[in-house]
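Chain nomenclature is as follows: A, B, C, D, E and F, assigned in order of appearance, with residue numbering initiated at 1 for each chain independently.
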Amino acid sequence: MKILTLGEIMLRLSSASGQRLSNTSSLSCHYGGGEANVAISLANFGHDAYFASLVPDNLLGLGVKQHLQYYGVHTDYLLFGGERLGTYYLETGVSQRGSQVIYDRAYSSFSQISNDIWQDATLFTGIDLFHISGITPALSEDWQVLTKQLIQKARLAGCKISLDINYRGKLWTQAAAGLVIRELLPLVDYCSAGELDARYILALFDDKAISVDLLTCYQKMVATYPNLAVIYSTKRQVRSASENDLQGFIYRDGHLSMSQAYHISPIIDRVGSGDAFSAGILHGILKGWDAQEIITFGTAACVLKHTIEGDRNLFTEREVLRFQKQGSGDIKR
Amino acid sequence: MKILTLGEIMLRLSSASGQRLSNTSSLSCHYGGGEANVAISLANFGHDAYFASLVPDNLLGLGVKQHLQYYGVHTDYLLFGGERLGTYYLETGVSQRGSQVIYDRAYSSFSQISNDIWQDATLFTGIDLFHISGITPALSEDWQVLTKQLIQKARLAGCKISLDINYRGKLWTQAAAGLVIRELLPLVDYCSAGELDARYILALFDDKAISVDLLTCYQKMVATYPNLAVIYSTKRQVRSASENDLQGFIYRDGHLSMSQAYHISPIIDRVGSGDAFSAGILHGILKGWDAQEIITFGTAACVLKHTIEGDRNLFTEREVLRFQKQGSGDIKR
Amino acid sequence: MKILTLGEIMLRLSSASGQRLSNTSSLSCHYGGGEANVAISLANFGHDAYFASLVPDNLLGLGVKQHLQYYGVHTDYLLFGGERLGTYYLETGVSQRGSQVIYDRAYSSFSQISNDIWQDATLFTGIDLFHISGITPALSEDWQVLTKQLIQKARLAGCKISLDINYRGKLWTQAAAGLVIRELLPLVDYCSAGELDARYILALFDDKAISVDLLTCYQKMVATYPNLAVIYSTKRQVRSASENDLQGFIYRDGHLSMSQAYHISPIIDRVGSGDAFSAGILHGILKGWDAQEIITFGTAACVLKHTIEGDRNLFTEREVLRFQKQGSGDIKR
Amino acid sequence: MKILTLGEIMLRLSSASGQRLSNTSSLSCHYGGGEANVAISLANFGHDAYFASLVPDNLLGLGVKQHLQYYGVHTDYLLFGGERLGTYYLETGVSQRGSQVIYDRAYSSFSQISNDIWQDATLFTGIDLFHISGITPALSEDWQVLTKQLIQKARLAGCKISLDINYRGKLWTQAAAGLVIRELLPLVDYCSAGELDARYILALFDDKAISVDLLTCYQKMVATYPNLAVIYSTKRQVRSASENDLQGFIYRDGHLSMSQAYHISPIIDRVGSGDAFSAGILHGILKGWDAQEIITFGTAACVLKHTIEGDRNLFTEREVLRFQKQGSGDIKR
Amino acid sequence: MKILTLGEIMLRLSSASGQRLSNTSSLSCHYGGGEANVAISLANFGHDAYFASLVPDNLLGLGVKQHLQYYGVHTDYLLFGGERLGTYYLETGVSQRGSQVIYDRAYSSFSQISNDIWQDATLFTGIDLFHISGITPALSEDWQVLTKQLIQKARLAGCKISLDINYRGKLWTQAAAGLVIRELLPLVDYCSAGELDARYILALFDDKAISVDLLTCYQKMVATYPNLAVIYSTKRQVRSASENDLQGFIYRDGHLSMSQAYHISPIIDRVGSGDAFSAGILHGILKGWDAQEIITFGTAACVLKHTIEGDRNLFTEREVLRFQKQGSGDIKR
Amino acid sequence: MKILTLGEIMLRLSSASGQRLSNTSSLSCHYGGGEANVAISLANFGHDAYFASLVPDNLLGLGVKQHLQYYGVHTDYLLFGGERLGTYYLETGVSQRGSQVIYDRAYSSFSQISNDIWQDATLFTGIDLFHISGITPALSEDWQVLTKQLIQKARLAGCKISLDINYRGKLWTQAAAGLVIRELLPLVDYCSAGELDARYILALFDDKAISVDLLTCYQKMVATYPNLAVIYSTKRQVRSASENDLQGFIYRDGHLSMSQAYHISPIIDRVGSGDAFSAGILHGILKGWDAQEIITFGTAACVLKHTIEGDRNLFTEREVLRFQKQGSGDIKR
């Protein structure tokens, strides 16, 4: 299958565990971004994945291109221009101390895009699935308009639309996000959204004091946006920065399916685990699996991501399936 | 507020986790010492902190000075001279294997001090709090005399006196420590001491077989030394070198207050966590907080220290308070 | 006591935790092999340990020799020749992701041995114990013949025989292993074997569906091979690649003794922990300890191994005994 | 003496030798900026050095503050605010391949300053020397106005004025720089400027084809700007990125003095060597040395800088003088 | 243009400078092989480059594939199978101590190929240039047959043929190589060969005692093999492992052209510099440049390679041309 | 042959190139000492080498033992006891900046020895050569007595005596050294001594203003101490910390022989190169080579040492001889 994802990709600069950002003498480098991470996972699963973005025409932009090529992601729509590559600093948390992020992404090439720079390209030709996230419209007012236009073009070209709401409190308010996301949702087929999204972004429930469960949320979402064929999310209990419990959920055809609950300890790198999950879900959908197979696979891919440094996941379909079967963490020799 | 701490500062040479001291090919370097660590924490919390000591006039002595300056600790009373900087080797433990220390501190510049080398200085002028530990009188007989003299001078200058008993079995016997500490305690306002100190150093209980709880210990301490305004300590359950449970206790005005119990896993570096705790308690006292606020803050600071490589703590008041509120270990982005 | 172990030693090339083998930019190097690891542990415990093998006459062969010498293992019977040193790649697992091994050991100098290259040497003269593993006959048909010949020679020279069955599914089938091992067992005094070995390699139970416990297995083994003076093994519950529970068992004189159960978390390096256990057991036997002392010591040595990078264990008898007594993981200073 | 320097300080992210920026997996971190580097050197030489700037109120801004404090530079005028810390990427050159820089400094807190944010401060009170560079007015039109205003204020306060022309072709054109620098020069006492500056920035020579030597340049500069008490520069012959020849020159009272020529190989880090030179010259001026002593010291300091990783120099006056005397590179033991 | 290169690619495991192979604790990993390195360089220069080989179907084989993809090399003809990936150990030399290599490449997947495994593929369709080296027929007798067959097929398909003689004394004798290479040369258009090749492999001169220069060699080669359109080589004077002088030569249309002589010091990594040179020459031929332009470019690319860790070159055409113009090693900022 | 060397062995803690000791965050660890280094080299050359010393009974003492065992040095006379292992800090120089040493060796176990702790051992039984250096009597007055006693015992036992004068200005004055060394020299057979030793330690020339060459020095030495069978030294021209020229000289039977002059650049680690030279010379003597063969071999070994990190040399006789023949620094493959 052919998939196109589009979004910003940044240089992540992260401190080692046990160090603080203010006095580290070196930083690890990883290129990452939600949509790029999804494209890489899908390429690892055997699909023809394309990633569209804009990066500066310098050695960092070249680094982005080669990073994508390494995994076999097609870079036909990775354009070069603009002023700078967005970056962010990650102080890697451990134990009781959570990770923290300093964004330095303003004025990036991608965020400054004000019109469809891919308009002359055959961007959606032959594409089965177009994946995008709620981070993109958070970048500028131009991007709020552009995001909707791109989704509409994709639909016209016959693509299925996948949206990861991916709310980031450091980029915009819940109210601002709500206005934009609620306008996009009627165009979407597959959506990554959790209880907090349903409640605070989509504002589906009047009285915020009443507790609602995930099933109720998803039922209400589909009642409001009947175009949504699949909704999915993880529930994560954060015991510490190093120890989380995680379970995956998917809603399709009126039923809620769920994976086993995993205990993940220690966590090597949590960033990008949501993208690994989304990619696993989308892979299952593209393969035509049933809901239980999909959520089992997506959650397994997500769990494995936590054991890998860097934003993107590194496992093939065969490896994820083997992990589902053998599970433990035992050595093979 | 102005605080003066005085004591030895050493070069710590530590092996990486998973390595043994005997066959490591590199050692991590950290300068540290109980009183220096307290001074750094208090400087991080916004106080005017001074550290007094003696280090050799070579590149390692310069390293000590710059280490303190980095955190804004004043080095007016850091003198230069003597033969060598005390060092110690730390084999970093992990999992079931505990850390171990090889002291190489004999003949250090500081330990060889035999009279008040700061006597012409205005050492205690304007100082609100003077903090010292039981390690210093353990270094020599001269230091047993000097420690008491310094405390007396400080009291005359109007300083509050803080003493961390900090018994080290590799430096002296419990009996020897008892004689000295019991002579100092009548001069002290704030004291870090636990059940073992009360029992074996202060010898407050005749029959050692009878179990006594911390409250009883503290009541007996105050009955014996009514000058003690605050006594505090942590209880630590060592599940392994990587996993501890920890809770903080403070006794003031006849009441025992305690923090929540924290589960810390994995531990990056436990050395200096007691100093981080003391500094947190002293900060709370200096701020005029109530006992519950103090112990909550001190324990939170202590827990965060476990996530940081090196002896000194690296958090501001704002960061500790944010940790108390958010707690978990979740990522902020 | 004098001990000879004989087998293959390889270069292990392992990726760092959080990295995958396919895209690591550096690999850690450790020389290791079951019998060599046992020899090193026994040398650390104070014995005269010899290791016999064949390695190529190049810098890697020299590295093997120096590796053994470092621990005081005698290398009189370490011969030089053949084409290559066997290697294996270890992708170090963490958390839910298990370690995995890529063997690259075919055509190694040792595996190509086709006749007794030590025949002119006084190989077994003065040796009290000869230790070998089931990996060696798995290497070739020649080695199946040679292994038996060597054991027979050792018995003639008066050595006790120790065999670690050590079944490796990547080297041969259970059926093939069974044929060979069952021919060797009548010559063995001390045997490392677990339930799976009893069932699938020794085929001691007709109906595989019926659950049998370890005691039954060992009773049946001794009934079949009454020459077996000691049988031992660990039970390991793999919660994850980083977290295992482990308990040791020993069967002697009709009684099954066991150690306490240890919780090991995090695991630094599990490879070689079985060898550390065997060496601990053999040390106890050589010292004439009782069964409970032996299994306590062997399991403690095994637990400590998990905290050390590399295949061989690094603890003296005194250190293992101190760990048995102090246990926790507390810091000593 | 009291010195104030003012300018931008950035985070430098540099690749290791032998790596390219596009595919490095880690970057070394150093805070640096011309004026900050000068302040650090002068503090190392024993002066009271102040550095004024604006950095964001986050962990990177804190890192800058601690970086300066480490060397004893006063941070009273280091203010916090604005959007981001300027950064630049350095691909470290070696052998025939030169280093290259990717600036990512636009929109930094410092560059966005539009009015005198230190106006209420007693910025120049008691300051003997104010040092600034031509990089600052290159940052914005506001900074062109501000730079001149600050220099005028400093003169009113009785400071001597030091200007390092420091032309950067990636920031502005020679023509633009010329207009600004020529307006500042009449206010300056000590100026770092070379032949290229005299020719292309100051446009002192009509016919560019005629070769002029450094003495002629300096004579013409002083003829044009008779306020210039000292002018100085190095001549550097770049044999390769790893091997340079370097000689220092100073012009005072109508005479040109010069240092010996040094052969520097290999170069560890050339960035900041010009600042080390300027600081050495200014130190000599502040000490009242004669021209030959000044240029000898400044060039020695500059040469030593090439052997140190990071932008700032790390030597005391005593160490530089010892190097001048012993010179060679021999080991002392 | 479309280029196909075919050959073995191996995992290089190299020690750090200053370490010996026998006692290093880590090894750097690079995938490399003469033909793969040429393909990568040509892809960096903007061509459609294909690399054909056989690697094992494991994580190392995947690593090879991703390594090639990173640079945009097409992997359609990279097949998976066989037993193992060839490896070699490189003890990195420095100063007076030369590098040394331990080959561990016997029994590799590629070396065991005995028939044309790409026969059903459209291997040469649309390919302009087929590049291969003399290492491949050195691997086995089957490969001596296959190499010739592949070249003949390529010629039939209309490809130009490029051969790098690349004699390796550790793989075969000069006599054996001579027999094979002399049979291939009549099929070749572009050949990398030096004086030693002409004399000892091609045996063009009867009396070995008489000194002949490069021009004479090339004239004799073309006289013997008039099909040779271009012959090229470098002359390298090895002053030490860290310091070489290097000059490039090309012979076309009866004329010998040469580059400037470069002094390279220090050398970061010399391995693959010959491949970088060949790729630069082939690029110039494909671009239709004149001989002087070609040799200037090829030598510049070769010189830059020495500054990069790893076997493959990392520069674009634009970067090589800029280096030719600016040359020095100066910093750009 | 059997060789015994006796002296102090220390832990060297060295900073990386480009770092200063005062602010390094890690230190490399090497065990080293002149006599231990000689023993290791001689073991590498195939001799039975013994090293006698005293180290503390802790993990660092164990590390020393294993360090020696690694190279096959016999540790029968390595005793355990005393307070501490001597250490020294090495700031690694580069380019124009020389290395510098901070000794922290006072109060070490070895330096505190006051009587012959090996007296009951068969220390010199069967030993052909006893090697010691002038550093040992520099450690204490007791050691001045002991050194002479040990040499006398060795002579009685029939050993040849080798002395490396090895004057260290940080340990004693030239006058003090002279008194001691001149008392030892009549007992010595082979002596490492240079012009400065002849002039300033042995005080062989009245008028210090007159220039004397090495031959004159050696002639005068032998005239004064006719027992000296061999005298040898290197001449080193220190161009920088990274670049030295070096030539070896030996005087025997009235003739001065010399090696070629080597240019060494870059120097990885110069410490221990004198010991590598001495060991090479002693090896040649033990092998019965002629003077030219000896000095050629000794100098080659010394040159190779400069390319290796750590104090001890790492080459076999075969490797040194191959280097003498091939010389260059070319790669072998």
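General remarks:
What we mean here is this: a residue touches a chain if its C-beta (ideal position, glycine included) is under 8 Å from a C-beta of that chain, and two chains touch if they have at least 3 such contacts.
Bear in mind that the values here come from a model prediction, so they are computed numbers and not experimental data.
Contacts with subunit D and subunit E are shared by A, F.
Here subunit D and subunit F face each other with different sets of residues for the most part; under half of the interface numbers are shared between them.
Contact tally for C-F versus B-F: the pair with more C-beta pairs in contact is B-F. Here the repeat of D-E among A-C, A-E or C-F is A-C, since over half of its contact pairs match by residue number. Computed from the mean C-alpha positions, the centre of subunit C lies at a distance of 45 Å from the centre of subunit E. Chain contacts: subunit B has residues 20, 22-23, 25, 66, 70, 266 touching two or more partner chains.
Pairwise chain contacts present here: A-B, A-C, A-D, A-E, B-C, B-D, B-F, C-E, C-F, D-E, D-F, E-F [touch as defined]. By the touch criterion stated above, subunit D contacts subunit F in their complex at residues 70, 262-269, 303-304, 306-309, 314, 323, 326-333. Listing the residues of subunit E that touch subunit F in their complex gives 17-20, 22-23, 93-101, 103, 168-170, 238-243, 266, 270-271. Looking at the complex, you find that subunit F touches subunit B at residues 13, 20-29, 58-60, 62-63, 66, 83-85, 87, 89, 91, 102, 104, 106-107.
Only residues 66, 69-72 of subunit F touch subunit C when the two sit together in their complex.
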